[in-house]
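The same chain A turns up in both complexes below, where it pairs with chain B and then with chain C.
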Partner chain A sequence: MTSTLTPVRKRSALTKGQLPKAAPYIVLASALILGAAILALIGFNAFGWGLVSAILFTIGLVGWSAGVEGARKAQDKLATCLVVGAFLLALLPLISVIWTVLANGIPGLVTPGFLSSSMNGVTGVYDNRAVEDGTPVLGGIYHALMGTIQITLLATVISVPVGLLTAIYLVEYGNDGKLARAITFFVDVMTGIPSIVAGLFAAAFFFAIVGPGTKTGAVAAVALSVLMIPVVVRSAEEMLKIVPNELREAAYALGVRKWRTILKVVIPTAISGIASGVTLAIARVIGETAPILVTAGFATSINSNVFGGWMASLPTFIYTQILNPTSPSNPDPSTQRAWGAALVLIILVMVLNLASRLIAKAFAPKTGR
Partner chain B sequence: MSASIQLSQRHHHNEGSGMTATSLTSSQAAAGRAGDKVFSGATLAAGCLILAVLFGVALFLVVQAIPALTAPASEIQGGEGFFAYIWPIVIGTLIAALIALIIATPVSIGVALFISHFAPRQLASGLGYVIDLLAAIPSVVYGAWGAAFLAPQISPAYNWLAENMGWLPIFAGPASATGKTILTAGIVLSVMVIPIITSLSREIFLQTPKLHEEAALALGATRWEMIKMAVLPFARPGIISAIMLGLGRALGETMAVALVLSSGALTASLIQSGNQTIAAEIALNFPEASGLKVSTLIAAGLILFVITLAVNMLARWIISRHKEFSGAN
Partner chain C sequence: MSKRIDVKDLNVYYGSFLAVEGVNINIEAKSVTAFIGPSGCGKSTFLRTLNRMHEVLPGARVEGEVLLDGDNLYGPGVDPVTVRSQIGMVFQRPNPFPTMSIRDNVLAGVKLNNQKISKGEADALVERSLQGANLWNEVKDRLEKPGSGLSGGQQQRLCIARAIAVEPQVILMDEPCSALDPISTLAVEDLINELKDQYTVVIVTHNMQQAARVSDKTAFFNIAGTGKPGKLIEFAETSTIFNNPAVKATEDYVSGRFG
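Up next is the complex of A and B:
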């Protein structure tokens, strides 16, 4: 019986008409070489090389597949190429932004006194001298850093209680009633308020209550709170929702009141998620420029009073240094300071993002038995 | 009895409540009931405060905008009344947002598909995080990047477009020498919109019922055919609302446009300097404005608020309707 079996063929009828496993690599290598050759004819640059090679790779692989495997497989290959291409395309600006900020920001950041001095008394004369005589660039971001920290801190102090209590209402007391659904809907809508409109609202509010032209750090903090509250509500709500109901019921069974249950059982269980959500919300508002621009103005000196006088912040510092350089004839020192400040701002945001992940990990409730 | 009073007093001490009671149970109950009332009242108040704030945003903007709407036409900037002032920048806002969406939509859907259906499982969440980093970069940094890096790099392409495609009104020459045009601003906006559309569509793609996907694959569909048959029809409402949320962001984004665009009168050509958006107009003029000019800018902000509110509410409505009908739970 066994002797009548034909020897196993290398390819059965089912697997016929397939590209060899190495096909993508072969096509990629030839696309890269061909791309380099084409670019060498019209002037070489890395971006163009990548683009031409990607197009050649797609054409080559899809064409080969259409010849060997048929139209359906070729279409699948084309879709895969386009989807991967979209992902690579989306990475380009990220890499480019980070590279630009690093390359331009480091000279500004390592200038002595950049983090410890303000722009008080730094005029165009000094900037002109720095360009013409090569003296060090004066002035720094101390005032802006302090302003950012104060404004963001005040905004956090306003938003976290309001946001957290609202989330508790939605999850524990709302019962999915009309009011709860209205709040959920409008919190979602609030996430979409343009940041500049939030700034205008705070400005209009204080113009009406305190007097026209009121611009202080506190107004900016109110504007940032409008942007921050919905983020806090959403993340806290998600976190409270995933607290298991058994925990609540166990507390009720022991005769614990609802509010004590929430404070002592529900919130401690969810605290890691809530804390990481709050950190993310801070990271979101710390880089907001427009609302601070219309509510706190911009200052060149240190102002430690949140409730009086214009206040500088890192984003508005970057904006004004680029748009209105300290010395209009020699904008280079201002540009250098702006990029230095941008680097500091990005580092702040990234650290906050990282911190939120670490908080979520470190304080997560222990679930092991 | 005396023991019970003692106990209740100790309990008072612990709770810090100012109630007088004679028995353990009634004091605890009273303190507990009061605590419940105060706490639920506080949460309700916080919820209502949010509604009040949103209402207040509209109210205060309207109140502060009224002087500009009622002022004689000659006193408004440009001298021809508020609506002659506002409509070119409304159109400019729409043009910039449209450019951003045209670029961002296909890219975002591709990225979302890549993360949900193409990337290796272990890499997917990490790649999602990388795309989320795009959203973490502050808008002013994007603006600075657009003005300092992108605009000079892209201006040769504009020259090429003006020479070869100049017969199209949108590419009419002469191209801006600095590259600070509405097209550049739209490209920068699209970069800022991509993470929003991506993360929302990714969520929807991941919710596609596994059975639908497996059924398609079992019938011999390729991966792309499976996506066309099972994933995209399921996700269509979600994608639409994601795009609209991205539109809301693109309409209201300020800094990227304020720093990248060298603004001017409304022009059809996308590669000349000119055009302006509402948000950038406010940011550029508000710090130095006073009197009627402040009112005019707040009125402009009110119009931006109304437009974005309408777009966002429509998007949220589509999402909520979709939730009820989808079998994804």
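Up next is the complex of A and C:
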């Protein structure tokens, strides 16, 4: 008779020397309690609590792991803690900004007429009355919203053709020659231009050509284009570069001319990247304040003509509302409007970022069988 | 619908580097000619000079004459685009246009050149080309699906269909089967056999059995050493090259005793 020898063990030999699955949670709970206790001694605040707990958690988990699992696993845990910590630290300002803008902006945003009226005729008298009698805050951002949209749209119309054609020259015709390298260098330099310098350039340019004191939406659009073109060139160049050369050769081998190959094969293949690059470039300039201040001035009424007269935009609206409240004795309504405008601006940028993802997805080469 | 190619004293350069030297070869119409030889000996480079694809690379140039039925491809005033529409090319790796459907890939040569074509004619051309590439039965129900969804072998046959849709005189193939499995290779080889009824086919291959199977004539290229130019060593009937070559180097190469 043979008896099968089945070794009876509680745990597999392969999982020896491991921390239990719940280890991080146990350490986290102890770190939070210990952290709260330490903070209670020196005066409690939430930020300090988080910081002390995070440090305690790292020390605790790494120490425990070093004891049970050995040095390699402990180093792994330490690296994980540092990476997650850095991530949380980076997330903190973002969440804080979104929270602050939401909390302060929503009262302004939900005020009736905020999106549909301008500041035309809204004087300090109304603001004083709103604060003293509790009447609704009058005035809105319609003029600034329209200004931002028009200026940004015009800037896009200027920048996209210039930027895209430059990128096409660099990738398809430049052959890495002297001119191409010079353009690449100056595009890099342009990327670093401070936005106020771009504004001053556009202002000086139009002063020289049209006449002193020319401040219109179009001047602001030119200033924004100066900021936008290098971004568009860079992103479009990268996208065109990653189009495989094989596709160009395949088209040439069919007897297709170079410009048609670029227009019908290269650009369609890269269009999703180019489109999302353009959208991100728009998101980059839509919040510019300084160049618009010196080029478009600030208006309180609706101006639908980009080529004539001062024009408001969301960033300059926020700036003037905070710096020069409509009613200097009661700045609260102005502050409320500024926060509302800031919220709208953030929503615009978020929508643009989402749009860039959707565009990239919509234009991407189709797959499937 | 096929023309012969005669090459006279062709030197091919990359910048100042002489890649292929002194090639003289006569390629008959309606035949399959195979180029064999070790890597880096200039087979593909030479093939690309036959439809002026070589000069697409920066700094690449050519000296000598390539005559297509007596007309010099490199003569003054010759438009490379005209040359390429007469001499089609299939590449090593299948490269269907990812933004286009199967149907549009076949019609690419027509559509990209903005030639007007009626829907009926286009349908007929698509069917004829795909039939010609032995792909019709496999894709006829999904012509509107993207070409990149096909298998590698199907993609390569799609590229061949795309090349024959422009109705060239000559089809150049640069290692068309090197990325394919044996079954797909067989399909492409069968196709080459059918194509030679209508077209002049020139094929570069690393696979000597393939050269023996598909070609009427074979050209053996070799290189003396690194940095030296590649040369055409021997050009003869395929059976002669493989059974009774005139040059020692050819014999060493085809019998696997190379080096």
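Note that the second predicted complex is superposed on the first by the 303 of 369 C-alpha atoms of A that agree within 3 Å, B and C clash if a C-alpha of one lies under 4 Å from a C-alpha of the other, contacts with A are read in each partner's own complex, and residues count from 1 in each chain.
To be clear about the criterion, a residue touches a chain if its C-beta (ideal position, glycine included) is under 8 Å from a C-beta of that chain, and two chains touch if they have at least 3 such contacts.
Keep in mind that what you see is a predicted model, and the values were worked out from it rather than measured.
Trainee: Between chain B (first) and chain C (second), which, if any, makes contact with A:V265: first, second, both or neither?
Mentor: second
Trainee: After superposition on the shared chain, which partner residues are touched by A:L154: those of chain B (first), chain C (second), both, or neither?
Mentor: neither
Trainee: Does chain C touch more residues of chain A than chain B does, or is it the other way round?
Mentor: B
Trainee: Counting only touches as set out at the top, which of chain B and chain C does A:R257 meet: first, second, both, neither?
Mentor: Touch partners of A:R257: chain B and chain C.
Trainee: On the A-aligned overlay, A:P244 touches which partner chain: chain B = first, chain C = second, or both, or neither?
Mentor: Second partner only, chain C.
Trainee: Touch check for A:A360: first (chain B), second (chain C), both, or neither?
Mentor: neither
Trainee: Answer with first, second, both or neither: which of chain B and chain C does A:F201 touch in the superposed model?
Mentor: First partner only, chain B.
Trainee: Return the residues of chain A at which the contacts from chain B and from chain C coincide.
Mentor: Shared contact residues on chain A: 257, 260.
Trainee: Help me check something: in the complex, which residues belonging to chain C touch chain A?
Mentor: Interface residues on chain C, with respect to chain A: 51, 53, 56, 58, 81-82, 84-86, 88-89, 91, 93, 95-99, 108-109, 111-114, 142, 145-146, 148-150, 159, 162-163, 166.
Trainee: Can you name the residues of chain A that touch chain C in the complex?
Mentor: 175-176, 244, 246-257, 260-261, 264-265, 268-269, 365-369
Trainee: Would you mind writing out the residues of chain A in touch with chain B in their complex?
Mentor: So the residues of chain A in touch with chain B come to 72-73, 75-76, 78-80, 82-87, 89-91, 93-94, 96-97, 100-101, 104, 161-166, 168-170, 172-174, 179-180, 182-183, 185-198, 200-201, 203-205, 207-208, 212-213, 226, 229-230, 233, 257-260, 262-263, 283, 286-290, 293-294, 297-298, 315, 318-319, 322-323, 335, 338-339, 342, 345-346, 349-350, 353.
Trainee: In their complex, what parts of chain B are in touch with chain A?
Mentor: Contact set of chain B toward chain A: 32-33, 35-36, 38-40, 42-51, 53-54, 56-57, 60-61, 63-64, 106-111, 113-115, 118-119, 127, 130-131, 133-134, 136-145, 147-150, 191, 194, 198, 222-225, 227, 245, 248-249, 251-255, 258-259, 279, 282-283, 286-287, 290, 294, 297-298, 301, 304-305, 308-309, 311-313, 315-316, 320.
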